[in-house]
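Look for subunit A in each of the two complexes below; its partner is subunit B in the first and subunit C in the second.
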Partner chain A sequence: MLIKLIGGILIIVASGAFGIGMGNKYGGRPKELKRLRILLQMLETEIIYGATPLPFALANVASKADNSLSHFFQDIAEGLIRGSFYSVKEAWDKAVDTSLQDTYLGASDKELLKSFGGILGASDSNDQQKHFKLFYKQLEQQEDLAEEDRRKNEKMYRSLGFLFGIVVFIVLV
Partner chain B sequence: MDVSLIFKIAGLGIITAILNLVLIKSGREEVAMMTTLTGVVIICMMVVNLISKLFDSIRTMLMF
Partner chain C sequence: MINNGNMSDILKYMPANISSILVKLPDSIVEHVEEVRLRVGRPLIAAGSGKEYVMGSMGWLEAAKGEPYIVTVEDIKSAVQLISNFSVYSVEDEIRNGFITVSGGHRVGLCGRAVLDNNKIRTIKDISFLNYRIAKQIIGAADKVMNYIIRSPDSIYNTLIISPPQCGKTTLLRDIIRQLSDGVERYSFRGRKIGLVDERNEIAACCFGRPRNDIGIRTDVMDSCPKAEGIIIMIRSMSPEIIATDEIGRREDGEAIIDAINAGVKVITTIHGNDIEDFLRKGSLESLRKDLFERIIIMSRRNGVGTIEKVYAENYCEIYSA
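This part shows the complex of A and B:
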């Protein structure tokens, strides 16, 4: 009887944790998109008003970001300072592929980011500002989509995990 | 005949109802219907033995 109870609790906790993990995937994405937008606004300020060279601007932004997004900017900045890439786009693309692995950003977000990499540092500050404006608009659209996804899925996956665990428990007992 | 089966069926019924509600709220009506159906089928599988036993006893009672 006791073993049955312990097993049941294990099943329910495991599937509940799985559900919460799935739900967090949807919850994390809009937050990270928003943080990314704020960081890019910092980068814009560095470029337009501070006239900081791009590698140092990126390093400055990285120092203000938290964990995974910080790695992203840090990697680009280091790659550019060390001169291990021919262009900003190369460094940017590689960083998108490697250092955004452990974020919740989806494939479409990464494509959008990659499309921005080729523009960064390729023209004068006026033109850059326009591109930044456009990119904010696109990011906001992506945020809206992610938010809608979250509203639809986050709660559902959380309760689904627990309920499924309870069903398995009841059927097996 | 044990009472635990009744509790089991009641529990499954409640859980199925909640699942149905959650799924409908998140806009997946067809999945909700399938889960309800699955719940019904699972409960039927639990009960099928008892029903066959009931038929058998009625048959012997009426001496067919």
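This part shows the complex of A and C:
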């Protein structure tokens, strides 16, 4: 009886943890999108007011970001400084594909990010500012969608995990 | 520190398509290349020592068979990113002036659609034509003219160099500066303090404020600074004995030079033109004409780049003719 009880509790905990994990995925995405927007605002300041050359501006932003997003900016900066790319777009696209794997960002977020790489650094500061403004709008929309997803799914997955565990427990016992 | 001026220095500012073609040129030609031209939809052309090399995808067309390599819009876009260190916004002023100086003092001229703002060029968009110009320092380029410029062991004549583009005017000026700054033993001339106002950053080729070319041990450089303002700042702050600057043309340049001469500073400068008449015709430099320059050197490329055609002394009297 005791063994059954312990097994049952383990099932509930495991299933609950899985549910929380799934829920976190939905919770992490809007947070990351917001952090990304703040980092891009720093990049904009470096570009518009500091006129810092892009590779160094990206490196500065990377130093202020935390882990996964920091890798993203750092990888682009290093690629450009090393001279392994012939355009920002190449470096940017590659980093979107390889450096963002540890994040909660989805395919549509990455698609949106890629659309920005071709513009960055390629025009005068007036023009850059306009592109940044537009991109913030698009990012905000993406954030809203992600937030809606979170509201719908985060709680559901969390409770679903526990409920599933309890159902299994009842059926087995 | 001395810059040998070789085409290979600028390859890293070109897209892979283009640099991979140019490296196929034999070393003997690479040494002489002065310009590499990219024009959208037109063949890639390198030029130097009066010769042109139309490039095909396998190398120089006359040596390797095939069609000429046609430069694409993407090539130019990528080139602009590389030249501007991926930051067009950080070189807005340079673009407005039509060229960007890259490390090593090489200059890339650019052309496209000018965007105006109050009748002034705000920026150049849709850049479609690029001209990579390789900067070369030739030590001793001024040996032939030093005896005309030096007046006494511690003074020189106010000198104007008149030359069409591409005749070695800047190279000559750079070597004059170097010799006057270091001192010239042959004429027992002692080195003088020189204030160099290098608006287009061609003479000293400064990178982060440090000259890449040898411009002598007593030379102070203000780079990328408008000439008129730079000259005044130099006189006030660095107590130069000689002011050197390149390609004067605007009215305020002329006025600043008069200020310098009135302050007892000697001046060496250059101007675009074919002969002395061209200088006399320039309306914006009216104030400069009256005998301010004690020596006028006319250059051409009749016997190769850097030919000295004539030297005039006061009252436009000819004292040397090639």
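Here, the second predicted complex is superposed on the first by the 173 of 173 C-alpha atoms of A that agree within 3 Å, B and C clash if a C-alpha of one lies under 4 Å from a C-alpha of the other, contacts with A are read in each partner's own complex, and residues count from 1 in each chain.
One rule holds in what follows: a contact is a pair of C-beta atoms (placed from the backbone, for glycine too) under 8 Å apart; a residue touches a chain by one contact, two chains touch by 3 or more.
This structure is a prediction, so every number in the text was calculated from the model and none was measured.
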Subunit C versus subunit B on the shared subunit A, clash or fit after superposition: fit
Subunit B versus subunit C as contact partner of A:Leu80, first or second or both or neither: second
Touched subunit A residues, subunit B compared with subunit C: C
Vertex subunit A; arms to subunit B and subunit C (CA centroids, nearest 10 degrees): 170
First, second, both or neither for A:Pro55, with subunit B first and subunit C second: second
Which superposed partner A:Val171 touches (first subunit B, second subunit C, both, neither): first
Contacts of A:Ile47 with subunit B and subunit C, given as first, second, both or neither: second
Subunit B versus subunit C as contact partner of A:Asn153, first or second or both or neither: first
First, second, both or neither for A:Leu163, with subunit B first and subunit C second: first
Superposition-derived minimum Cα distance between subunit C and subunit B (Å): 47
Residues on subunit A lying within both footprints (that of subunit B and that of subunit C): none
Contact set on subunit B toward subunit A in their complex: 8, 11-12, 15-16, 18-19, 22-23, 25-28, 42
In the complex, subunit A residues that touch subunit C: 47-48, 51-55, 57, 80, 83, 86-88, 121-125, 127-128
Partner subunit B, residues of subunit A touching it in the complex: 152-153, 155-156, 159-160, 163, 166-167, 170-171, 173
List of subunit C residues in touch with subunit A within their complex: 12, 15-16, 77-78, 80-82, 84-90, 92, 95, 123
